[in-house]
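Structures follow.
In what comes next, subunit A is part of two complexes: it sits with subunit B in the first one and with subunit C in the second one.
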Partner chain A sequence: MRTSGWVQRTVVSLVYAFLWLPILVVAVVSVDTSTFLRFPPQGFSLEPYHTVFTTPEFTTGLVSSLIIAVFTTVVTLAVAIGASLAFTRHTFRGSGTAQSFFTSPLLVPNIVLGLALLLLFAPLGLTDTYTGLVLAHVVLCLPYAIRTITVSLSTVDVAGEDAARVLGASPWTTFRRVTLPLIRPGVVAGAVLSFLVSFDEAVVSLFLSGFDITPLPVTLLDHLETQAGPEVAALSMLLIAFSLAAVLAVERALGLGRSLRA
Partner chain B sequence: MAWGLLLPGLGVLLFAYAMPMLWVLRMAFNRFTGGGGIEITLTLDSFADVFTDPYYLRVALTTVKLGLLVAAITVLVAYPLALFLVRTTSKWRGLLTILAIAPMLVSSVARTYGWMVVLGNQGLLSAVLTGLGLTDTPPQLANQFAGVVIALVQIFLPYAVLAMTSGFGRLDATLEQAAASLGAGRITRFLRVTLPLTLPGVLTGLLLVFVLTISAYVTPRLIGGGRVFVLASEIYDQATNQLNWPLAAALSLVLVIVFGIAVTVFGLLQRRVERWVSGR
Partner chain C sequence: MAELRVAGLVKRYPGAASPAVDGVDLTVEQGEMLALLGPSGCGKTTTLRMIAGLIEPTAGTISVDGRDLTRTPVHKRGMGMVFQSFALLPHLTVAGNVAFGLDMRRLPAAEKKKRVAEILDRVRLGHLAERRIGQLSGGQQQRVALARALVVNPSVLLLDEPLSALDAQLRESLRTEIREMQQNAGITAVFVTHDQDEALSMADRVAVMDNGRVAQIGTPQEIYENPADVFVATFIGRANLFDGELTASGVVVPGLGTLPVTSDRAHGPVTALLRPQAVRLSADGLPGTVRSASYTGDQVAYQVDAAGHTFLVDTVAAGAPLTRGDAVHLAWDDTAVRVLPPRDAS
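For the complex of A and B:
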């Protein structure tokens, strides 16, 4: 058993190294002084990070992405809380079907959904608008938010809600004063995941963005094809750091595994 | 009451999900008249283009080949990690699980960029290989099929680990101990106990990575660098550069059909494995 333990530890360590290699490499290149893509780095500098925040292309992309992500998160939460309440607190015909429908966007390839949205939104004038991008992102985020909120709702004891109703509280008061505080972890996890999914989304946004609105991942994608110097690494590193912060937030709120397991 | 709570969600999904999906299905039967012109009609022209042009056939085959290869390698790499995470009693288990899954939430554009640095002409890999004196002409993995495979394996590894750790639920240490006390060697134990019990999880992982790979756009475009053509990149090119929406729609349907075939085949395999595992 002892030799096999040693072999297993080596294999598992190698897999971890492989998994984190590109992320570590981006971190190293992002503080390089060289102006084009190469390894090993030529020197240490924080200049690339400064460049990111002074390049108008990146700052406008960042602002667009933040606007889209904030609105997407708010709409997604409102819609997902309602739907999750319906799925967990009510029994009605078609509940199972409706639930599958709400989570099914996860199964559709983003490239197909992006094309579909372009074909419908272009004639309606919704491409290259915040309305169009937010609607598309809400569809992508709903499965995650519904997942985390239903997990929370189904683990919470309904006795408190029943007691509030018996004591004369309206459904809205019961929800606001009893249910919402109890399901906060699920709502927080859903909000963080929605924000992140929206903020990182590249493919669907690529179809729907144009001259007026270009979210950051789309800017980055376009940039990577032409020049891939340290400022692109710095930008990637910022996206990575942002994601890892979100991972910690979700883990603390509800647990990462529970939130993502479909 | 229940439907009232569902109404806003249904509204959003009908408008920004169901309608577009139906519209793309309908679009595949329209006729492209050149220069972005589309004639609303019912024709199989675009499908004829897809199925008779050897180029599209090759693109479809590349996509499926990429999907199978990435799925197989990813599951092979993820297996020891998933097994370790399910079995370990280490106090670091929580942290180790997060380390294995967290990259899933890191922007795929950023991670693909990392692989461009590793695999590029003046990248980490070529620096290491020439530095060790192993080769004077480092392998050109960027702009190659192999480079796309390596990057996609890493990108989808967390998905496979997650699918497999939840699928390994039936794995029970006492069964393995029982087999050991009855005199089964390490290899027999793995082949007769561990592997069959983990096979359902392995199949789920395979299916998940396959469907994710055939839909991938960012990595084949960036690492493939205009040399590796897959259905996803073709759909984007037809939709935005050629403005041939009917063809883009037809290619999307082909992608969805491949997706459906995969789900069906894996479903059948899954049932057979279930019967085999529980039947003996």
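For the complex of A and C:
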């Protein structure tokens, strides 16, 4: 028993090391003094972080990414809540098909999806527009949001909604005052995941952006090709910190672990 | 404060072999409590949910005080409903749950507060107003649900198996409580249950349902003493049933002879009913042998083999109960025998 506990702890530690060491490398590199990426670093400076905030492509990229992520989250939630309600509360012809349709983007490689969306959006004039990028990101985020929201919905006792309706609540009021508060954990989890997926997405965006709008991950890729300095590592660290802060804030507010399981 | 009338109510689900509710007619008088009693799947809950407006009927009408509500959406019917699962809103407090219907009616805050406090006191939960629902026991939760349904002064109170989720002792006390509140408020109520004791003890009238239809409707006493058919007779209470032939001299039962009763039913095959309480152990009469005895303190329920039949006999316990194999004689008043349609036909 003791030995197996020891073995287990070692394995878990190794797995964590495997996951975290690369990030540690990036963290170390991000405070290097050189003008190119190298490891191990040979000095300490916060200059790369300063560079991040003074490089216009990074700041505009950040703004674009935030705009896209916010709109993507809002649209995703609206569609995902509607779709989840339909899937959990009604069985209609083709509801199974529809459900797998909404989750299918998970199975398609992003590079294929990116190409497909490019071919679809180009004739419609949607490439290199916020509309196009948000639509593409919504497709990518829907599977996650629908998943978390349907799970939340399936735990809600429908009788509560019935009771509210008998007491005089219209369908909309019932949704707003009963259903929505009860599925809040799933909605919040879906929102966080959507925001992070969109904020982090590079492959599909690469196909759909380039001149007018360049989301931050695409900027990062471009930057890496031309002048890969420690500021790239610094930016990566900032993105990790940002994502972590978002997750922790939600975890603090209502427990993301619970939301994802709920 | 209203009379509820249900006429020709039918619910047919697509793909189902037979309708869930198949032509139900009910009239519930002002202030009356009607129990819909039946086994699971008999259509009683579907009927109740159609009255509430939660299920759309295939055919038929529902009206309150002559006003046709069949097409009125659920939230505009002004009814109150209590659910088996309590159906309280876990994100609201006790007071929040009770106030929900008043919020929907846009009552001024002061008035709302007063009515919530009043009704919570009546269900003895005033001190728990600010509690979360999850902190209450099952019995307390159902009292909150009752308060929530009653605080809006509903035209009709609908109760869907309100006591089934509670333990036996609590059921007894809540029975009385629900009945008292309903009578004090003079509110028209429909109560769905599969528990015959509950139906008989709480309701003014009972509608026994079977296969989507009302098999019989009447006061608890009428239903018990004069059941319309074998289904009702066996669903409510225990019964000795004898298949026989109705003739001019009475019901001829193979092995038992003729039970001299009169009936206006057509001569031919019938089933005779004799309640276990109507059978006595006596000094003379039909000779039989005790097969089993079950002593419950105030009563002894015997099974007695006699004349090729097994009789259920309930007697008031007096002295030592008889035991298996004892010889006894059975007697009963012929007026206690009821003549029902033959078993197969029902």
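A few remarks follow.
FYI, the second predicted complex is superposed on the first by the 233 of 262 C-alpha atoms of A that agree within 3 Å, B and C clash if a C-alpha of one lies under 4 Å from a C-alpha of the other, contacts with A are read in each partner's own complex, and residues count from 1 in each chain.
Just so it is clear, contacts are C-beta pairs under 8 Å (C-beta built on N, C-alpha and C of every residue); 3 or more make two chains touch, one makes a residue touch a chain.
The model shown is predicted, which means the values in this text are computed figures rather than measured ones.
Looking at the superposed arrangement, the partner reaching more residues of subunit A, out of subunit B and subunit C, is B.
In the superposition on chain A, no contact is made by A:204 with either subunit B or subunit C. In the superposition on chain A, contact of A:249 is made with neither subunit B nor subunit C.
Legend: residue contacts after superposition of the two complexes on their common chain; A:167 is shown touching subunit C, with no touch to subunit B. Once chain A of one complex is fitted onto chain A of the other, the partner contacts of A:191 are absent, as it touches neither subunit B nor subunit C.
Note for the complex: subunit A touches subunit C at residues 157, 159-160, 162-171, 173-174, 177-178, 181-182. Remark: subunit A residues 4, 8, 11-12, 15-16, 18-23, 25-26, 29, 37-40, 75, 78-80, 82-83, 85-86, 90-92, 95, 98, 101-102, 105, 107-121, 135-136, 138-139, 142, 193, 196, 200, 202-203, 206-207, 217, 220-221, 224-225, 228, 232-233, 236-237, 239-240, 243-244, 246-247, 251, 256-257, 260-261 touch subunit B in the complex. Of all residues in subunit B, only 1-3, 5-10, 12-13, 15-17, 19-21, 23-24, 27, 77-78, 80-81, 84, 97-118, 120, 122-124, 127, 151, 154, 157-158, 162, 165-166, 186, 211, 214-215, 217-218, 221-222, 232, 235-236, 239-240, 245, 248-249, 252, 255-256, 259 touch subunit A in the complex they form.
Against subunit A, in their complex, subunit C makes its touches with residues 52-54, 73-81, 83-91, 100-101, 104-105, 145, 148-149, 152, 158.
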